[in-house]
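Chain nomenclature is as follows: A, B, C, D and E, assigned in order of appearance, with residue numbering initiated at 1 for each chain independently.
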Amino acid sequence: MTMLADMPAVMLLAAAPAVPLLMIATAIVPRARERLIAYLPFAPVPAIVAAITVPHGTSVVLPQALLGLTLEIDKPGAILLGSAALLWMAGGIHARSSIREQVGRFAAWWLITLAGSLGVFLAADMIGFYFFYTLVSLAAYGLVVHDDTPDARRASSLYVALALLGEALLFMAFVLLAAAAPGGSVLISDAVAALSASPWREPALLLIILGFGLKIALVPLHVWMPLTYVAAPTPAAAVLSGAAVNAGVVGLIRFLPFDTAMPAWGEALAVIGLLSALYGVIVGVTQANPKAVLAYSSISQMGFIAAVLGMGLATGNTAVPLVVAFYAAHHTLAKGGLFLSLGLLDARSPRYVWLVLLPAAVLALGLAGLPLTGGQLAKMAAKGPLGDGAIGTLAHLSAAGSTLLMLFFLLRLNTTVPQNMAKPTINPPAAAWLVVAFAALVMPWILFPTIVGASWRHALTHKELWSASWPVIAGGVMAAVLWPRRAILRNIPQGDLLILAERCGPAARRVAVAFERTDDALRQWSVASMCIVLLVLLTALALAAS
Amino acid sequence: MAAAFDIGLIVLLVGIGAWMIVVRDVVVATIIFVVFGLLMAIAWVRLSAVDVALTEAAIGSGITGTLLLGAAARLKGADAGGTRLSFPITVVAAVLCAMISASLAAVALLLTYPAPTLAPMAMQNLDQTGLGNPVAAVLFAYRALDTLLEKVVLLLALVGVWSLAPDRAWRGVPSLDTTVPPSDILAFFAQILPPFGIVFAIYMTWTGASNPGGAFQGGTVLAVMWLLVMMAGVMRAPSISNVWLRWLLVAGPALFLIVGFTGVFIADGFLAYPPAYAKALIVAVEAALAVSIAATLGLLAAGPPERMQQK
Amino acid sequence: MSSTMDAFTVLAISCGAFFFVAGTIGLLRFPDVPTRLHALTKADNLGLGLVALGLLPQVAGPLAALKLIIVWLFALISGAIVTQLIVRAVR
Amino acid sequence: MTTATLFGLCSSALVGLGLFGVIVDPHPLRKILAFNLLGSGVFLLFGVVARRGAAAGLGGDPVPQALVITGIVVAFAATALAVALVLRLFEPEAGNAVESEATSAGLEVDGGRS
Amino acid sequence: MSVAAVTATTEGYLLVLAIMWPVAGILVALVVNGRNIERVAYIVLPIGFAIATAVVMAVAQGGQSQIYVVGGWAPPLGVALRADGISAAMMMTTAMVICATGLFARGEFVQPAEGPEARAPYVFWILLFSIWSALNALVLGSDLFNLYVALELLTFAAVPLVCLKGQKETIEAALRYMLFALIGSVLYLLGAVMIYGLYGTLDIGLLSGRVRAEPATWIAAALMTVGLLAKTALFPLHLWLPPAHAGAPAPGSAILSALVVKGSFFLIVRIWFDAMPGHLSFAAAQLLAALGAGAILVGSVLALRQQRLKLMIAYSTIAQLGYLFFIFPLATGFAAGIVWSGLAWTGSWMQLFSHAFAKAAMFMAAGLIAEALGHDRIADLGGIGRKLPITMFAFALSGLSLIGVPPSGGFVAKWLLLIATINEGQWWWAAVIVVGGLLAGGYIFMVLGRLLADPLSPLVIRGAVSRSRELVALSLAVCAVLLGLVPLQPSDFLRIGR
C-alpha cells in the first residue's frame, strides 16, 4: 500500500469514479441537467485510460474528507474496468440519441450507476467497496424505472427490494469481516486474509455468497434479472447486463479467500453455478422476447462464472480471480453488444438488418465459445480451474446449452424484427456498437497470453478447435430440432420462480396486518399506560437480576 | 396520640383519594380534590413543612381547584367521557398499580436511619444568604437555577395556554365570566376580601425571607384575589396583548435574570449574591416574582383568550 | 377559674365537632351539590366558630385571640365565596 | 412506626391510586385529576424524605421541601395547560376556529383512541 | 467526576449562557410587540449558535468537561452544570437544527405585514427559544431535579407546538402527548426523590460514588428510566408520537422528531453511564434493547403501511429511536468486563446526530411537498419530484442516511453498532439492525418511487415553494451525509469527560 509518486497515474485512478460524480454535481443547475445526456460518453474516458495505462499495483488513499477511501488497481480490476468502461461509453453514445424523455433525470441516474460500476473494480477497502456497490445497485433503480410503465414499476420495485436485501446481507458480511480484521483495518485484503481464522468464517462466507449471488442472479436469486433487463431502456439494459452485473463478480473475486482451499463452500458454489447455467438455458429457450432471452443467458453465463469461482475456492487456486475477470470481461462486451444490437435493429430498415444481425450472431455464438471468437479463449482460460472432474465436464457441456440459447435468441430476433419497424425516429450511431463488438472479438486474443501464460497460437491447435467446436455443433443440432417445435415450449413468465414467490404476498400482507393490529392495540391509552407500569416492574426486576 | 392522628389523616387521605377516582360525576370529583388538597396541607404541617403546607393550600388545592372546577362546569354539556374499560382490564390495571404501591411501600419500610440530609449544610451556609428561612435559601440561593427555570416553565405554560386561542380571539380576553352572570353576593364578597388578601400576600412575600412563606405563596394569594374579582365581575379580565400585562408577567423573571447576571460582576458568578446585599437582592427578586407569579397563575387559571374585548 | 375555662373549651369544641359531624353526614347523604353545600357551610361556619370560641380561653394573649377570630372570619368569607363559585360551576 | 414511615405508606397508596385513575378513567379531566393525585403522592414522598432528614434544629431537610414547592408550581402549570387543551378539544365549535393553513394542508392525523 | 472535581472551569460561564441566552430571548419576545419577534429571533439564533460553538471549542481544547457551579454553591447543596463530549456534541446538533428550523420557519411563521399581531408566529418563536433553552439545560444539567425542571420546560414547549395549527386532531394529539408525558415526568420525579432519600444528593457526579446495589435503588432507577422512556416514545410507549409528530406544522415536526424525543433519551444515558455506572444489569440492558428492537421492527413495518407521508416519517422516527437503545447492552461493556465500550458509544451518538439532521430535513421536505400539493397522500405524490427537485433530493439524501447507505451518518452509526454487536457477542441485535435497514429502504424507496413517477392526473401546485426553504432542508440532509465522513472508530471527542 505505498502511495506512488506517480501523480498522473494516481489522479487517473481517482478520476475514474470521480469524473462521473462531478458531472452529476452540475445537475444542480437545471439547464445543465438537461444537457448532461450529451456528455454521457465522456464520463468513462478516464476509466478507459486508467485501465490501459496505470501500472498494476498503483494505489491511492483518499483524504478523510473523501471517506479515506483506498483505490487500487490490479490486473483483474483493470480488465474488468476497461471492458466495463468501454461498454458504458458505447451505451452512452446510444443513450444520447435514443433517450428522449426526462433526459436530465436519466443522465443523473446513469452517471451515478456508472460511477459505482467503475468504482467497485478499484475499491480496496470495504467502505469504499460498499459505497460504490451501493451506488451501482441502488441507482440502477432509476434506469429500470425510467419508462414508467406498469412493467417498469413492477420490475423496479422488485429490483430495489432485492438490491436492498443484497445490501443488507453484504453489510452484515463486511461487518463480520471487519470485526475479525486485525487492528480494525477495513482493507479488503486484510479482512479476507483474517477470514480463515475468524470465528465468524462460516456466516461471513454464507452472507458473501448470498449477497453477491443476488447481484449475479444465481438461481434461485435470479428472479429480478429478466424483469429488469426487459423493462429498462435498451442502453440501460446493455450496461446493466454487461457492466453493472460485474459488481457481483468482482465482489466474489475480492472477498472469497482463494488462498485457502475450502472444498465444502467451493463445491457448493460450483454446483449452484452449474445449476444456474443449466436453468438459464432451459427457461431461456421458452422466452419469446429477445431481451428476456438475453437476460436468461446472463443467468446462465453468471452461473458458469460462479462454477469457476467455486472450483477455485474448493482447490485454493489463486489464479482464478484473473481467469474469471477475463471471462467476465468478454461477457461484458458480448452481452452489452447484443443488447445494443437490439436497439439498432429498431432503427434499421429491413434491407440492412443483416448488417446488424451478422455481427450479432458472431457475438452471440462467441458467448458459447465459437472457435476463433474471443469466447473460445474465455472458455479455454476457464478450463484450467474447472478441472477435469464431473464439474469441469458439465461446465464444458454448458457451452452446448449456450449455443442453443443464443441460436434461439437470433431466431427470435429475426422473427420480431418486422414488428419493430414502425418507429424510425431514433437513429443511434452504429459505430460505437461496432467498436464494442470488435473489442469482444479481439480483446481476448490480446490478453490471453497474459492470463494463462500461453500463446494465443495454442488456441488454434486442432485439439482446442475441436474442443471448442463440438459443443457449438451439438447446440446447433439441438436448436435445429427444437426450433420447429418451439410451440410446445410453454412460455414461462419472466422471472419464473417469482410467480411462485408472489403467492407469498398475501402471507406477507397478513404479517403486516398483524403488526398493524399490535400497534393499534398498543396505542390504546389504557394499554400504553399499563405498559408503563408493567415496564417499571419489569425493569426493576431486571435490575435486580444482576 | 400523634400516631393515631397521623393514621386517621392517612386513612382519610387515601379514602378520599380513592373516592375521587371512583366517583362518577366530574364536578363532584373536583370538589373532592379540593378537600383532598386541604387535607394534604395538614399532612404537610405534620411533616414539619409549613412552607409546603402553605403552597399546597394555595396552589395545590386553591387555585388548581378553581381551575378544575371551572373546567368541570364548562364540560358538563360536552360528551367528554369515553367508554369505560372492561372489567378484566380494570382488574389488571388495579393489580399492576397495587404492585407499584407495594414496591413503593417496601421502599418506605426499608429506608433506614440515619437518613442522609442536607439540613446541617443548609443551616451552615444560611448566614451567607442573609436569610432566616432555609427553604427560601434553597429556593433563591442554593438552587436558584431551578427556581429561575421554573419561572420560565410557568411563563411557557401560559404561552401554551394562550396558543390555544382561536386566531380571531388572539389579543382578546379570557372568558371567565361568561357562564353565569355574577351574583351580587359574590360581587360583595369580592370587594371586601381582596384588600385583606393583598395585605396578606405582601406580608407573606416579605416574611418568606425568614419565616414560612415567600414569593410563591404570596403570589398565589394575589392571583386568587385577582381571579376572584375577575370572576365576580368586579374587574374585567385584561386583554392578553396588553403591554402592561406582559411587562408584569416578565418583570419577576427578568429581574431574577438580571440579578443573576449581576452576580457575575459583583459576586462569585451567575446567581451568586454578595453577602452584604444578599438579603436585599433576594427580597427584591421575591417581590418582583410575587407580582409576576400572581399575573401568571391568574392568567393560567383564566385560560386562553376566547373573544375580543368589548369596548 | 381554669377548670371552668377548660370545661367551656371542652363544651364549645364538642359542639363544634358535632356540627362538623352533622355537616359531613349532610355532605354524604344529601342528594345534590347545592344541598350538600348547604350542609357543609352551616357546619363549617358554626363548627369552626365554636372551635375558635372554645380555644379563646386557652391562648396566651389578646393578640393570639384576635388571630383566632380573624381566622374564623376569613374562613367565613372564603367559605361563602367558594360556595358561590361551586354553585355557579354546577348550575 | 414513625410519622415519616406512615406517610411513606400513604404516599405509596396515593401513587398507586393515581396511576390507576390515570389508566382507567375515560374522561380526560378525570385523568388530570388522577394525575394530580399521583403528583400529590410523589410530593408526599418528598415530605417524607425531608422529615427523615430532620437535623440541625430543623423539623425537616429544607432541600426536598423547597423542591416540592417548585414541583407543586410545575404541576399546576401542567394542569393548567392540560385543562386548556381539554376545554379546547371539547368546545362545541372546536377545530374550525383556526382556519389559516390548517385545513389547506389537508393533513389528517391518526384519530386517537381513548 | 468526583467531589473534588466540582470546581468551575474557566470557560464554564458559557454553560450558563447557553441556557440563559434563549431564556432572555423568551422574556424579550414576550414583551416586544409581536411584529418585532422575528427580529428578536435574528439576534437570538446566531448568538446562541455562537455560544454552542464556543462550548464545543472549549470542550475540545480543554480535553475535559467544562463545569460551572451555579452561584458558587457546590453540590450537593447547590447545582452544577457540566459539559462533556456528548453534551457539547448534542448542543452543536441542537444549535444547527434549531437555526435551520428558524430559517425554514421564516417562510411559515411571519407576522402579517398589516394588521395586529398574529397568534401562530408569536407563539412559535417563543416555543423555539424555549426548546433550545430546555435542551441545553438537559444536556448540561448534572442535578436530577434540575434536569426534571428542564424536562418539563421541554414538554411544555413541545406540546403547544403540536397543536399550533389548531385543528381538532392536533389538539387531541397534543393532549394525549401531554398526559402521557406527564405520567413520565411524575415517575421520573418519584425515582429522583427516592434517590435523594437514599443518598442525600441529586448531583449525578456525587451519586456515581454513592450508589449502592439495593432494591430501593433498582426501583428508583426503574421509575426514572421508564418515565423517561414514555417521553422518548420508545415502543411500546409510542402511542402519542405518530399523531403528534404528524400533526405539527413542518418546522415543529422537524424539531420534535429531531431533538425533543432525544432529550429524554440523553437523560437515560446520563443516569446509566454517569449517575449509576456499573449498575445496569445485563438483563435490564437486554430489556431496553429488546424494546428498541421492537420499535425498529414495528415502527418500520408500520411506516411501510402508512398512506400519508408525515405519518410514515413519524413511524420512521419510532423505528430510528429504537437503534439508540442498543447503547445499553453494547456500550456498557458486559463482554469485556470494562465499564465502557467506545464503538457502540460512538455508534449510538452518531445514530442520534445523523437521525436528527436527516429527520429534520425529511419533515421539512414533507412540509414543502404538502404545501405545494395541499395533501400528503403518498399514492398521489407522483410527479412532485419534477416540480420540486431540490426537495426530493433532500428527502432522498436523508432517506439514504436512515437506511444506512454510505457515506452517511446513518451508515457510520450502523457500522459501529454492528461491529460492537459482534465484539460483544450479541449477534441477535445485529440481525435486528440489518432488518431495520432493509425495512427502512423499503419505506424510503416506496416514497421515492412515487416522487419520481409520472402523476396519475395533472399536477396542481397550490402554492409556490420558496427555493431558500428547499435549500434549508437540503443543507440539513447534507449534514446527515457529511457525518458519514468521520473515521469509523471510537470518537475521542465523545469520550471527553468519562
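As a convention for this text, contacts are C-beta pairs under 8 Å (C-beta built on N, C-alpha and C of every residue); 3 or more make two chains touch, one makes a residue touch a chain.
The model shown is predicted, which means the values in this text are computed figures rather than measured ones.
Least step count on the touch graph, subunit B to subunit E: 1. Distance between Cα centroids is largest for the pairing of subunit C with A.
Comparing per-chain C-alpha centres with the mean over every protein C-alpha atom, the closest match is chain E. Note: the chain lying farthest from subunit B is A, by mean C-alpha position. Each of B-D and B-C has its own count of C-beta contacts, and the greater count is at B-D.
Distance from the subunit D centre to the subunit E centre is 25 Å, each centre being the mean of its Cα atoms.
Subunit C and subunit D have Cα centroids lying 31 Å from one another.
With centres set at the average Cα position, the gap from subunit A to subunit C is 93 Å.
Distance between subunit A and subunit E, defined via averaged C-alpha coordinates, is recorded as 41 Å.
In subunit A, the positions touching at least two other chains are 523-526, 529-530, 533, 536-537, 540. Contact with two or more other chains is made by residues 15, 19, 22-24, 28, 32, 45, 48-49, 52-53, 63, 67, 70, 74, 77-78, 81, 85-86, 88, 97-98, 100, 112, 114 of subunit D. Chain pairs recorded as touching, per the definition above, are A-B, A-D, A-E, B-C, B-D, B-E, D-E.
Residues of subunit D touching subunit B in their complex: 1, 3-21, 23-30, 32-34, 36-37, 40, 43-45, 47-63, 65-70, 72-81, 83-88, 90-92, 97-100, 114.
Interface residues of subunit E facing subunit D in the complex, by the touch rule stated above, are 77, 108, 119-120, 145, 149, 152, 156, 159-160, 163, 165-176, 178-179, 182-183, 186, 189-190, 193-194, 196-197, 200, 239, 242-243, 246-247, 249, 308, 310-311, 370-371, 374-376, 462. Residue ranges of subunit D in contact with subunit A, taken from their complex: 19, 22-24, 112-114. Looking at the complex, you find that subunit B touches subunit A at residues 85, 89, 92-93, 96-97, 99-100, 103. Chain contact summary for the complex, subunit A toward subunit B: residues 526, 530, 533-534, 536-537, 540.
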